[in-house]
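So, here come the structures, one by one.
In what comes next, chain A is part of two complexes: it sits with chain B in the first one and with chain C in the second one.
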Partner chain A sequence: MPIPWTPAIREFVLAFADDEHLMGQQHTEWIGVAPFLEEDLAFCSIGQDELGHAASLYAIVIGEGDPTGASGPSVDNRAIDSVAFDRNPGRWRSCNLVEMPTQDWAHALVRHWLYDSAEQLRWELISESKLASLAEAAVRAEREEWFHRRHADGLLDILMPDPTAGDVLRSALADLMPVAVGMFDPVIGEAAAIEAGVTAAPFDSRLPLWIDLVRDRFDIDPVLDDRAASIQQHRTVRSEHFENLLSRMCEVLDLDPAAIW
Partner chain B sequence: MSRIASAVTAIRIRDAVAAVDDPEYPGISIVDLGLLESIDIGPDGDITIGLIPTFSGCPALAMIADEVHAAVSAVNELDANRVEVRWLNTPAWTVDRISKTGRDTMAQEFTLAVRNKLEPVACPRCGDETTEDSLFGSSRCRAIHLCPSCAEVIEVMRSGA
Partner chain C sequence: MFLKKDGRDEYRHAGSLDAPDEEMALVLARESYLRRAEGDRLWLVCRDHLIVGTPEFISPNSDKPHRHNDGERIAHRRRRLREKEH
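What follows is the complex of A and B.
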């Protein structure tokens, strides 16, 4: 039986779509300027995947809400662009971690690992979703995500044992952790999504597991800080970096608003 | 539409889709790559083509869909407004969907091998086992391998691992 499509469930899917969209965008910032060619290609491919996942999730946001009954995959690309780019900041549901500007390489690598390790747990929670299109997207995405984790872990395996590199990475981790915890900050709609069987459990129920992963990966006890949730207010408040990021993302679209893509 | 007429139309549509090449591999049909999943002809003659992407973020999806739409609309002068091309979320694509013709052409024309999960890869030139040089190739779907025997650089189209 199809689940009833409600604004709360829409918001739940939208939050994941927005995170994927902005994380993908941040990865693409390394195209042409990564430290070496292989990393250029890696971040390009990984960013491309995240943008693809965002498009699949936006398609669900649009398609499931379509009263004509059209399902996600048939949604026109222009409709996806419209929801992806033409929204006021207040209607986004991204977390602050993915809104932070790309800084140096260590921050990029650590954020990539933090995001992808949490993302895996997030897809798992919806892999048996009663929202069939979401479960299908989760199964396909998870087949692609191994590649992201192998990339981040491969580099960290090499870099962490080096004393200098290890210090730089741990310092980046200390900067990012308080913001990264905000990934687990739920949208208000999450409770309704759990009720309807769209997701199996609250995402923050996976926070202890994720903290263990961080501890093992970086060989450090991360400082736990719950400020992110109060700052983000269930992802309804954008960070100071957001407007600049959105205008950068729309730079080409804004050159000629009448152009058809 | 009678069942026979419907079946004949489906064959013509399949042939039309098969005439569309992958933009990255001119000469290799998207049907040989395993992208065609379904052809549905509705009772009113509405046609829905279901395709599956190799990877979610493939930048060629819109271009492929447009080409399939044009090719199918040209069959029997079908009404383009009644032809719909959908990218499906399921099943997930794997290299097992590539036909023998597709694999042979990839090997001969593009020095391209395919790999499912972490299976060994045979060099398309000499058949010896390759070694992985980089997970990251010229596009999301390809890795770079080297052949220790003939020293060839091999691109490997992969899935699943």
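What follows is the complex of A and C.
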């Protein structure tokens, strides 16, 4: 029995797609300037994977939302581009963490870890989704995500015990943590998605588990507040950094809006 | 860094990389040399574990033409014997 596609479920899937899109974009901005060549390649691969996840989630938004079924199983890339790039900021559902520019490599690495550890919990919640296309995307994504976590953990395993590096990373964590918690701010449409069996439970029900992971990883007690959630207003409000980010992302597209890519 | 392709091909040297430990060496090797699944198996050997032969150690063997057997002398001799028989 197919799940009836509703605007609420669309919002729910769109929020995940937007997070993956912007996280991938932010990672790929380290191409050419990562601390060393091998890391440059690894980090841009990870960014590329996140962009791939975003594309598959946007394809679900388009494909499931097409009542004629004309989109079929493979959605046209141009249709994906149009959802991915051609929306006014108010229609995005990204969280603040993926919108903020990284200040340095320590911030990028800590955000990579924070995002991917939460992302794992997010995919798990939809791994048995009644929306079959979403459950399939979760299986595909996890094949790549374990590598992302291994990469982030591998670097942190080496860097955290070093007194200087450890201090820099903990300071980056202190900056990022209040914003990162906003990932768990319930997306509009989540309640409907749970009711329809699209997702198993509210994402913020996994927040305590994630906090435990952060505590174990960084060996500190994270201070929690709900500022990020209240600022985001269920992801309906964009951060101050969003417009710059979107304009950078669309820089080449905007050179010739009529061009076909 | 050595890669082996699917099937009966042997491991071949594919390049080298810098990494801070064994775990990161594996992680970084995959994205540096196997981005397009250029092989299906991978060996990493730490430089410190290589036993190195220098050019000075090898060079005395560069002047031993008698060890190069291309079959030409045998072929020449057999040709000569055949011509004699006729």
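Quick note on the criterion: the second predicted complex is superposed on the first by the 257 of 261 C-alpha atoms of A that agree within 3 Å, B and C clash if a C-alpha of one lies under 4 Å from a C-alpha of the other, contacts with A are read in each partner's own complex, and residues count from 1 in each chain.
Everything that follows uses one rule, which is that contacts are C-beta pairs under 8 Å (C-beta built on N, C-alpha and C of every residue); 3 or more make two chains touch, one makes a residue touch a chain.
Everything numeric here is computed off the predicted structure, so don't read it as measured data.
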Should the pairing of chain B and chain C on chain A count as a clash or a fit in the superposition? clash
First, second, both or neither for A:H151, with chain B first and chain C second: both
For A:N77, using the defined touch cut-off, is the partner it touches chain B, chain C, both, or neither? Pick first, second, both or neither. first
After lining up the shared chain so the two structures overlap, which partner does A:A55 touch, if you call chain B first and chain C second: first, second, both or neither? first
Give one of first, second, both or neither to describe whether A:F85 is in contact with chain B, with chain C, with both, or with none. neither
Contacts for A:F36 in the overlay, against chain B (first) and chain C (second): which applies, first, second, both or neither? second
For A:S45, select first, second, both or neither according to whether it touches chain B, chain C, the two together, or no partner. both
Pick one for A:A137: touches chain B only (first), chain C only (second), both, or neither. first
Chain A residues touched - chain C or chain B, whichever exceeds: B
Where on chain A do the contacts with chain B and the contacts with chain C coincide? 38, 41-42, 45, 147, 150-151, 154
Contact set on chain A toward chain B in their complex: 24, 38, 41-42, 45, 47-53, 55-56, 72-74, 77, 133, 136-137, 139-141, 143-144, 146-147, 150-151, 154
Contact residues on chain B for chain A in the complex? 53, 55-59, 62, 84, 86-90, 92, 134-140, 159-161
Which residues of chain C touch chain A in their complex? 17-21, 23-24, 27-28, 30-32, 35
State the interface residues of chain A toward chain C in the complex, per the touch definition above. 36-39, 41-42, 45, 147, 150-151, 154-155, 157-158
